[in-house]
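So, here come the structures, one by one.
Each of the two complexes below includes chain A, the first together with chain B, the second together with chain C.
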Partner chain A sequence: MFASCADPSTLEGLNWLACYLTSGKHMAFYQSFLVVLALLAITAPAALLFGFGGAMAARSRIWPLRMVGRAYTAMVRGIPDIVFFLFVPVAMDQGFEWLRHKVKCPDWTDPVRQGSDFVVCPAAKLPLSTSPQWAHETYGFALAVLAFAVVFGAFAANVLYGAMRAVPRAQIETAEAYGMTPRQSFWRVLVPQMWIYALPGLSNLWMILIKATPLLFLLGVQDIVYWARELGGSKTSIFAYPHPDWRLYYFLGLLIFYLMLTRVSEAVLSRLTARLSHGQATLAGEAQRKAAQ
Partner chain B sequence: MKKLILGTAALALSVGMALAQDVVRLGTEGAYPPYNFINDAGEVDGLERELGDELCKRAELTCTWVTNDWDSIIPNLVSGNYDSIIAGMSITPEREEVVAFTQPYTPPSMSSYAALSDDVDLEGGVISAQTGTIQANHVVDTGATLLEYPTSDECIAAVRNGEADAVLADKDVLVPVVNEGDMVFVGEDTPLGNGIGMAFRKSDPEMKDKFDAAIQSMKDDGTMNALIIKWMGEDSPRW
Partner chain C sequence: MSCVQTFQDYAFRSLGYGERLLPRSDFTLCEQFTLIGSGLVWNIYFGALALFFGFFLATAVAVARNSGAWVVRKPAEWFIFVFRGSPLFIQFFLAYQAFVLLPRNGIELNLIFTHITAETGWLTRAWAGALVVLFLNTAAYSGEIFYGALRSVPKGDIEAADAYGMAGWTRFRRIVWPTMLRLAWPAYTNEAIFLFHATTLVYFSGFPAWQQKGDALYYANYFADKTFNPFIPYPIVAFYFILVTLAIIGLFGLINRRLNRHMPSENRPRLRIRPQVIR
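For the complex of A and B:
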């Protein structure tokens, strides 16, 4: 980065460290923090959406839909994450490519499955093999988000399903007594009240999601743990900045980052809890009501 | 008219294929110096970087580099995320069932044990090796206790931490570690594998043939040997 960094072998002390910490590899490390934050910011709402859909399906009065909802939560919750992350993105990628293959190359006669190979016509590849590297990286990132959303959505579905059942039955009965249809009582009475019951479970999930990001590297996305391991590993003189095993320091840095993320999350979640308790038929809501009197 | 449409379609298809073949994606691990590693600029470097670039030049292809975890490097090749593996991968019959290898570009190389002292028990002790490598298989065959790690660097660190008595890896990988550090080679060098080659999808024989021819031409004019000397030193086996 600096002009003085051209020949690292002549540097010493702080100069060496300054050059070392601004090497191209370290820049990629710093960027990966943004990747992780972006992943969390996109995955959390996506997983909540999957969870909400799953919970609604599991409560449905239509039998097949109910079975789909229950099967989704039971299956995903029962399968180890790492198996899921090795399987889902590859399966989804091949699924998308197969669909595109059927649409774009109807004249293609070769089989798609040749032994263990998966071969679609070049026009159906996702992304096209001619597209630049950033397109491949974005696609990999999108697959990662989808895989995370599917897995964490299943857990969220179970939490939301429980929360929907935790809303006092009397509330629904009152809604029915006012002549609301099931749809109206669901959206106007049940959903606004269930969040406070779902929040402890969802906040747990959020914490687990924060810690699950190293699984990203299985999907080819280079996250902070990958870079910390890569940068911290001992380097022989084949590298410009040789050093012994420094993983301890890199992982200490990550520890601080994750603890800070946890601290911020806790602060936000406790504010959210206070806000959602407002006017609810719960102990916290009751306490708020009394304090306001 | 019908012929014309068919002809145009065929032309469009072949143009599409030619376009798609323009960029060949080379997959590597990026954690196996001196074969392949991520240099301080954040780019893939090492013997295989230089080799791959030269092969692409000779085969008149444009290539890009992709890094992928060693564990999932073969599944991602066969599902088409990149077109070739060039990652210090030894040619073995088990792998040949899934992927197609070119001829080897480095001769069958030695695997060695490295430890902190001379007096370790290589047959009854704990030996670390990278998951899914020929070395890991070999440790199991010798009857020693195998301790697996996802990267070679972690295998070496395990010996320094005292978790493993010795590490078994490609000698070329261990030479810089032994020369610059506190470790020593122990026991006999063992020849494992049938040399290191590039791996392709079995359904991709044309591209494999192109690279095969390029490797042959590099062997013939001595540039392959020059590369081996540059990255592995004079002692590494050559053609």
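For the complex of A and C:
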């Protein structure tokens, strides 16, 4: 980073620390914070989409679809989420490869499962073994996002299902009285009104999502936990910057990062709640009206 | 090898009894069910003990947080904020590193009249170290639940207690505390369920599984890695955890009935199990 860092063994004190904290690996460490934020930014809308689909399915008038929706929303109650985080990526990976295998190599006769191996034809591998390193990393990250979206989609489906039922029945009846079809009354009356009921549950979910991000480490993504372990471990003198076991301080840093993230989210969400309550016929809206007088 | 034989070999493998080597090839369904079930002992151990000890600390934290004195309230608020605001996964890593840094041959406590050597090695083992973390974590989460319930104890109850001449400890033990528990119980049931779910994180977060004695998910992960087939071991874990969840709901439902037995039946709150997940 700095020109003075060319020979680390001559450095001392603060200079050493400045050079140490700007080494190439530390830059990768700082970038992995962006990975976490990217995961949050991609997963939140994806989970909302999954949740919306799940809630719609759970309300469906078609019996099998309703059962699928109910099962999807119910599964997260009894089963630890980490089981899903371990299960979904591998299952999805094998599912995709199996489908591609069926399409691309129809004359392949060997069974896909051979004892303890999962063998598909080379053309069906995901990503192809010839593809560059970044493709492998992106694919791993995409699987992780999918796992998060599936699990948090189930939580969001619970919240949205409850919010849809919380919209006063009279609103739907009015819509029907105006001659709207069920589809119209759903999209034009129910959906616009449900968000204020869903907001407390969704903001809770956001906090939980933040706290689930270190599980990326379990999925093999090089995230902040990976780098904290990697960088913090004791380095002997063959390394450029030898130091004893500093993992405690690295994890302390991560703890503070997460505490700050929660604190900021709390502040933003409480402002959002205040904004959405404005003019609503709820207790919070009424309190705002009184305060303004 | 018959299933009975497998059961004898592996039923208590997670505690260190029975066959020492884990199965290496030709995994049968029976082996997977037995080993994963044997690991479940650890989940129940962590969950039950953390919940039991955490209950008392949570009550103390809730009362401290409700206190008027600044010196008592602030530490309680910070305790709750730190443990609820950060991921349990990070807390496990941090605690493990902190425990490892403790001097290996114990801390010499030099009291005036005697020397005490406090052993610290056991804290780096999962059975103790992870239990400490889970205990503090659940104390913070339930402390927040209890605090909310404490704030909503009806004013009339306190006034009635005053009228009977109750004060201080007597009033707390006989009026405030039972009402607080009654109000907090549905939320506390959720907390118990998700504490049990959180116990699966222990062996994935720094604490090593010594001699391959792990919890249910540890063995499930072992099988999934060996067979490269996630479709059998993980559903087995899921099955076991659904059983545990149902057992918790049943047990806590009984306690809920007892806490509410003086209420008119239409006012009794029903237990509603809602997902409030990962820490």
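Structure notes:
The rule is simple: the second predicted complex is superposed on the first by the 269 of 293 C-alpha atoms of A that agree within 3 Å, B and C clash if a C-alpha of one lies under 4 Å from a C-alpha of the other, contacts with A are read in each partner's own complex, and residues count from 1 in each chain.
Keep this in mind: contacts are C-beta pairs under 8 Å (C-beta built on N, C-alpha and C of every residue); 3 or more make two chains touch, one makes a residue touch a chain.
Predicted model, so just to flag it, every value in this text is computed and none were measured.
Partners chain B and chain C, once the complexes are superposed on chain A, run into each other and clash.
Contact with neither chain B nor chain C is seen for A:Gln293 once the two complexes are overlaid on the shared chain. When the shared chain is aligned, chain B and chain C each come close enough to touch A:Phe118. In the superposed model, A:Thr10 lies in contact with neither chain B nor chain C. When the shared chain is aligned, chain C comes close enough to touch A:Tyr258, but chain B does not. In the superposition on chain A, A:Thr109 makes contact with neither chain B nor chain C. In the overlay built on the shared chain, the residue A:His136 is in contact with chain B alone; chain C does not reach it.
Once chain A of one complex is fitted onto chain A of the other, the partner contacts of A:Asp245 extend to both chain B and chain C.
Of the two partner chains, chain B is the only one that A:Gly233 touches; chain C does not reach it. Contact with both chain B and chain C is seen for A:Leu86 once the two complexes are overlaid on the shared chain. Across the two superposed structures, the residue set of chain A contacted by chain B and also by chain C is 86, 90, 94, 115-118, 217-218, 229, 245, 247. By the touch criterion stated above, chain B contacts chain A in their complex at residues 9, 13, 16-17, 19-25, 30-31, 33-34, 37-43, 46, 64, 66-69, 71-72, 75-76, 78-81, 83, 98, 151, 153-154, 156-157, 160, 176-177, 180-181, 201-204.
Residues 76-83, 86-87, 90-91, 94, 113, 115-118, 154-155, 158, 204, 208, 210-215, 217-218, 225, 228-229, 232, 245, 247-248, 251-252, 254-255, 258-259, 262-263 of chain A are the ones that touch chain C when the two sit in their complex.
Taken together, the chain A residues at the contact with chain B in this complex read 8, 23-25, 27-28, 86, 90, 93-94, 97, 107, 110, 114-123, 125, 128-130, 133, 136, 217-218, 220, 222, 229-230, 233-234, 236-242, 245, 247.
Within the complex formed with chain A, the chain C residues making contact are 25, 81-82, 85-91, 93-94, 97-98, 100-101, 193, 196-198, 200-201, 204, 217, 220-221, 224, 226-231, 234, 237-238, 241-242, 245-246, 273-279.
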